[in-house]
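Both complexes shown next keep chain A, but they swap its partner, so chain B is in the first and chain C is in the second.
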Partner chain A sequence: MPFRVILLIVLSVPIIVGYLWMFISTFSIRTHGLMPVDSNGNFGGLTLANWAFLKDPVLWQALLNTFVLAAALTFFTVLISSMAGYALSRIQFPYRRQLLSLTLVLHAFPSVTLLIAIYFVLKGLSSSPILGPWIGYNTMGGVILVSVAMQLPLGIWLMKGFFDGLSWDVERSALLDGCTRLGVFWRIALPMAGPGVAALSIFSFITGWGSFLIPYTFMMDQGSATLATYLMQSMTDTAPAAYGTLAAIGLFQTIPILGFFIFTQKHLMNIYTGGSKGAG
Partner chain B sequence: MQKTAKELSQEDTFTLLSPTFFLVLLFFLLPVLIILLMSFTNVSTDTGFDQWRWVGLSNYVKILNHPATGQHLWITLKYVAVTLLLFNVGLGLAIALLTTSIGGKTGTAFRALWLLPRITPSVIYVLMWKYLGADAPYGLINSFLAPLGVTPQNWVAAQPFLFIVLVNGFIGASFGMIIFTSAIEAIPRDYLRAAMIDGANYFQRVRHIILPMIKWPLLFVVTFQTLSLLTSFEQIMILNDGAGGMEVWSLWAYHAALNNYYGNFQWGFGGALAMVLVVIGVGFCWVYLKFFKFSELVSQPKIDAL
Partner chain C sequence: MRNRIIIAAFLLFSGSTVYRILTGDASWAVTTRGGDPSQVTLKIWAGNAAPIDHWRTDSAVDAARTLNRQLEEEGSGVRVTIDAINDPASWGNYKKKFLMAADSHLAPDIICTGHEDIASWASAGLIVPLADTVAEMRAKDPAFADVREDLWESTMFRGKIWGVPQDSEARVLFYSKPLLAKMGWTPARMKTLERGIQDGSFTTDDMIALAEKAVASGVVPRGRGYWHRPTRGSDHIQKYYAFGGRIDDPETGRLVADQQSLTRWFTFQRRIVDAGITPENYLGTEWGIWHNTVSHGKALFWEGGIWNWSSWGSKYAADLGGEAYLHKSVGYAMPPAGSKGGTPATLVHPLVYLVPKAKASGQMQQKLALRLLALMTTPEINTRHALDSSHLAILKSQLDYAPYKENTFLYGISKLGGKSFFQPNHVRFSQWFDIVMGAMEEAQSGRRSPSQAAADAIALMRIDVGEDNLVFR
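Up next is the complex of A and B:
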């Protein structure tokens, strides 16, 4: 047993040392290795000045936006992936097999290089009636839609796995009793896939919390768009880069989601139960 | 007129799949079509959107004749293969096996530790690696190696390939870790207990029970992460922007289309580079789907067994 712990610690050395440095540097003027030093290179120079950004109201706006983005991304990713995953798992329809392969292939489309083209699509959505102001370019709705789309290949594939692992008997009797397909999905299959829904929700929330490239590209007010874009903005504003402040902002963004992971990880670890039991 | 059960079922299928169709159409198919069309034009900041013209296949010919094409392709494949095998799959599996065998709070603590690279903003995360490798007196690696008589240097610049693999690998490992841990925890305890009673040691249990039981998640992670690695460049861009011959294909496309020193963004040429990457990715997908027999996983649905 202790051998395994030692092995894990050895493998984790870069992470442990790196994050130790990050933590120390948020309270230091500068660092030599892990040692905080003052301007003469002697030990010392500890400071709280790197955390002054906490007084910036824009930061709290960014925090709220990040939460909204992560929550909305989670909700729509889980809903849309489970609908599609259920259909792919349970219903025979033309091109079903091709569609399932396609969900995986979609991940091969380099989203980042598609960004130029997605820009035109969002611009087009902006001029659509009624919904335009909500889902077009430079709207949170548009950013959410694009982000959800990027999560779908993983989400659908995982949800299909969960539904494959569920017993068919309950659904079968409900169908025989005259329940509709949608009714079975909503009232029976989805609750039964609870652990899978929870796991995918947690994973999506973690992904949404860190999202950078999509809000950065499609929101014009980059400072307050999300915490990650706020960080990027601070990086360009504070030239030459004040690494202590940047590290502090990074830590500020990382800590809540780390706590979230520690409290939910038990449920997250249900994320791939379908495939291992079922088709092995 | 009364609808038959089959017609109803088809309507429901459509309802269930329509949000997916909608998003895939808007944000995958339409953009790919736009990029494909762009790749046959010379559209760039020089031409603007009113003076461009169709140029046929000349962007693709340009890729074929470009002196750096071979080098970009080689570094991309090398980077994907090494990172995938050693980190995204190898290390991810190692962490999952170690933490599940230790279990309890210690296991959770190490998994949380390994999730850090994934949840830290990439700018800060890459900065951390730059700092580890920085020249004396700042860098940590130097302060460890100096007592051993190693000349201090900037390790990121000296070993660019090692660092792009490390930086991406430590993020990639956590995806495998999460998937594999969940798959290992789902193995019925009885199997492992029976093997222990039969006298199988830990390595025998891993070899004969755990690995066969997590075959599908393993193949899934290999496939999914190959594609992720092929198309991701954010960390490399922040680390050294492709210096030292580390310009992978997706970064090349990004530089051509959106960000270069000359300020002339060649959307047409960048689009052609992106299309080549799509073809490579789809090719990998096709090989994996065939070779790993994913079709077994796509078994017949249960409806017709009513």
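Up next is the complex of A and C:
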């Protein structure tokens, strides 16, 4: 047991050091390793100036935009993935296996290689009646739509895996008692797959929260910038990066994720222990 | 029944969308800025913009106030408001975004970008030509007549002028005064170094020899004698130029494939490593390390853009005394020539304002946009940008404008003399550039000999740039 603990600690050190560096950098002009130093290399150079960005109103607009994107991405990804994952896990239909393989293929493409293709799709959607102004090019709806599509392969496979692991007996009993398929999914299967929903929610939220390329490329206005775009201001090619500010914005961007993780942690850690009687 | 209706509606929606994608029909997608015709919104974008570059777009807000005053005096009911975006994304993402916006008729009315985009964007019909000749441009507005003559050259393509210069810079050779002093150099002797570079008596050979001496005598550690830009970039082209290389041929308008000059340049890149004045595996050094090292005077010589000066003063060397410290400990001169008697030269990469066509912006406000640009091209407005971001004057009158003149660094650079040159506005230049950069990296890292890297570069040029676009020397 102590050996495992020591091994875990050793393996965690690089991650902990990374976070520690980020935290120290936010209060330093510069660092040598983990030590804040002045120009002569001695301990010192502590400052709060790296947090001055908090006074910038653009930051708070970017925060709101990022939250809307991340929340919508999480909601739709979980909704569609859980329904699709359940159907793929429980229902036999033609080309089921091929459909699963296809979703994996979609996941194999990095979004940067699909930018032009996505642009033409969004431009086409813009010209569609009624929904065009909401889900086309240069709309938040369009960005959410694309982001959800990119996230779905992972979500569907993840949720299918969770549903595969659930006992069929309870669902069968519910069906025999007259519950509909949708009722079984909503009242029985989904609550039992709670840890899967929690895991997928976290992954989706983190993806949406750190998303840069899709919202940047397909939204034109300054008011639609996300936090990741804001972060870019500190590291352009033409001006030297202000690493202290960069770390401070990075830490600021991480805080909601940590909060979200803490909030959903008990569901995440509850895998296979809740839901069906006797399981675990 | 209900399911069938839903499926039919879905198929109809999907079908019409797919049809429009395939046929390229997105006419419904074009949402021009309509509304009250007397209220005109001019959109302006600037790319790769750090906070210190904010005047590239914010100047338009000031200029719009003047424009509105003029319009009022003229009795016009039109009033202009500015929608400015200072885009922090990389140049690549910024340009991709512009191209998509232009395809959807959502491009801005004014876009600030590197002059090298003129060739491809003009060829694609995305931007309007502003004049046929420099004289015609100068006659359009007194502000344009004040622009430095040499900068108009960077906006020319196929015999027309396509942009208005926004800023200008230089890439110079910096040196550490305290380190040279340790080697016994007096301030007066340091001045002779600057003069020697100007008259071609101090060349890259002399610089290498001096840096080697600094390493040998322990004034600097091995690998800290000379630092150039640690990543790919236009700065390296200066060395190609210093060794006689030229990018384009003015007579034919073609790009130049010059194996001999490439070989001399690549030999220099490997020689600095072999001499121990630049570290082995130097390429790829993190920018933060680079700025901290050079701004703290821990390298004897380094080459870089003058725009770094304000960032060194306000960030990296702020607690050493900022710009006052830099003036005391950092000297600068033109990058030396590659051979005795040669003229020192610096690559200038002006950013320019371009005016997208109506088919790109969805607007018919090009004349108003040009009028706004004239009002943004004043000594007062441009000097604010120059001082905040360490860029050179683009107007002749700025050299007599007190706030600019009082900035000893910028004014000193403006007076350095030597030769400046631009990258050409050629549609295949980016291919040419990528090839020579790749070959330079191969040579400096030692993976290829300089002559082999040059030969490979020429062979690649034949394929990627195309023989029709090349002049062989």
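Keep in mind that, in the parts below, the second predicted complex is superposed on the first by the 223 of 280 C-alpha atoms of A that agree within 3 Å, B and C clash if a C-alpha of one lies under 4 Å from a C-alpha of the other, contacts with A are read in each partner's own complex, and residues count from 1 in each chain.
By definition in this document, a residue touches a chain if its C-beta (ideal position, glycine included) is under 8 Å from a C-beta of that chain, and two chains touch if they have at least 3 such contacts.
Just so it is clear, the structure is predicted and the values come from calculations on it, not from any experiment.
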According to the stated criteria, A:Gly250 is in contact with first (chain B), second (chain C), both, or neither; which is it?
first
Touching A:Ile6 in the superposition: chain B (first), chain C (second), both, neither?
neither
Please indicate which partner A:Tyr137 is in contact with in the superposed arrangement: first for chain B, second for chain C, both, or neither.
second
In the overlaid three-chain picture, which partner chain does A:Met232 touch, first (chain B) or second (chain C), both, or neither?
both
Answer with first, second, both or neither: which of chain B and chain C does A:His107 touch in the superposed model?
first
Tell me which partner A:Leu54 touches in the superposition: chain B (first), chain C (second), both or neither.
neither
Mind working out whether A:Leu46 is in touch with chain B, chain C, both or neither, as first, second, both or neither?
neither
Touch check for A:Ile29: first (chain B), second (chain C), both, or neither?
second
Report for A:Tyr216: first if it touches chain B alone, second if chain C alone, otherwise both or neither.
second
Doubly contacted chain A residues - partners chain C and chain B:
115, 120-121, 125, 213, 232, 243
In their complex, what parts of chain A are in touch with chain C?
29-30, 38-39, 45, 115, 119-121, 123-129, 131-133, 136-138, 213, 216-218, 220-222, 229-230, 232-233, 236-243
Under the stated contact criterion, what part of chain A meets chain B in this complex?
1, 4-5, 7-8, 11-12, 14-19, 21-22, 31-34, 41, 79-81, 83-84, 86-93, 96-97, 99-101, 104-118, 120-121, 125, 145-146, 148-150, 152-154, 156-157, 164, 168, 171-172, 175-176, 180-182, 185, 199, 203, 206, 209-210, 212-213, 227-228, 231-232, 235, 243, 246-247, 249-250, 253-254, 257-258, 261-262, 265, 268-273, 275-280
Residue set of chain C touching chain A in the complex reads 13, 16-18, 20-21, 25-29, 31, 48-53, 83-86, 88-91, 93, 96-97, 100-101, 103-104, 106, 287-288, 291-292, 296, 307-308, 311-312, 315-320, 389
Note: in the complex, chain B contacts chain A through residues 8-10, 12-13, 15-17, 19-20, 23-24, 26-28, 30-32, 34-35, 38, 91, 94-95, 98-99, 101-102, 106, 108, 110-125, 127-129, 131-132, 137-140, 143, 166, 170, 178-183, 185-187, 212-217, 220, 223-224, 227-228, 230-234, 250, 253-254, 257-258, 267, 270-271, 273-274, 277-278, 281-282, 284-285, 289, 294-306
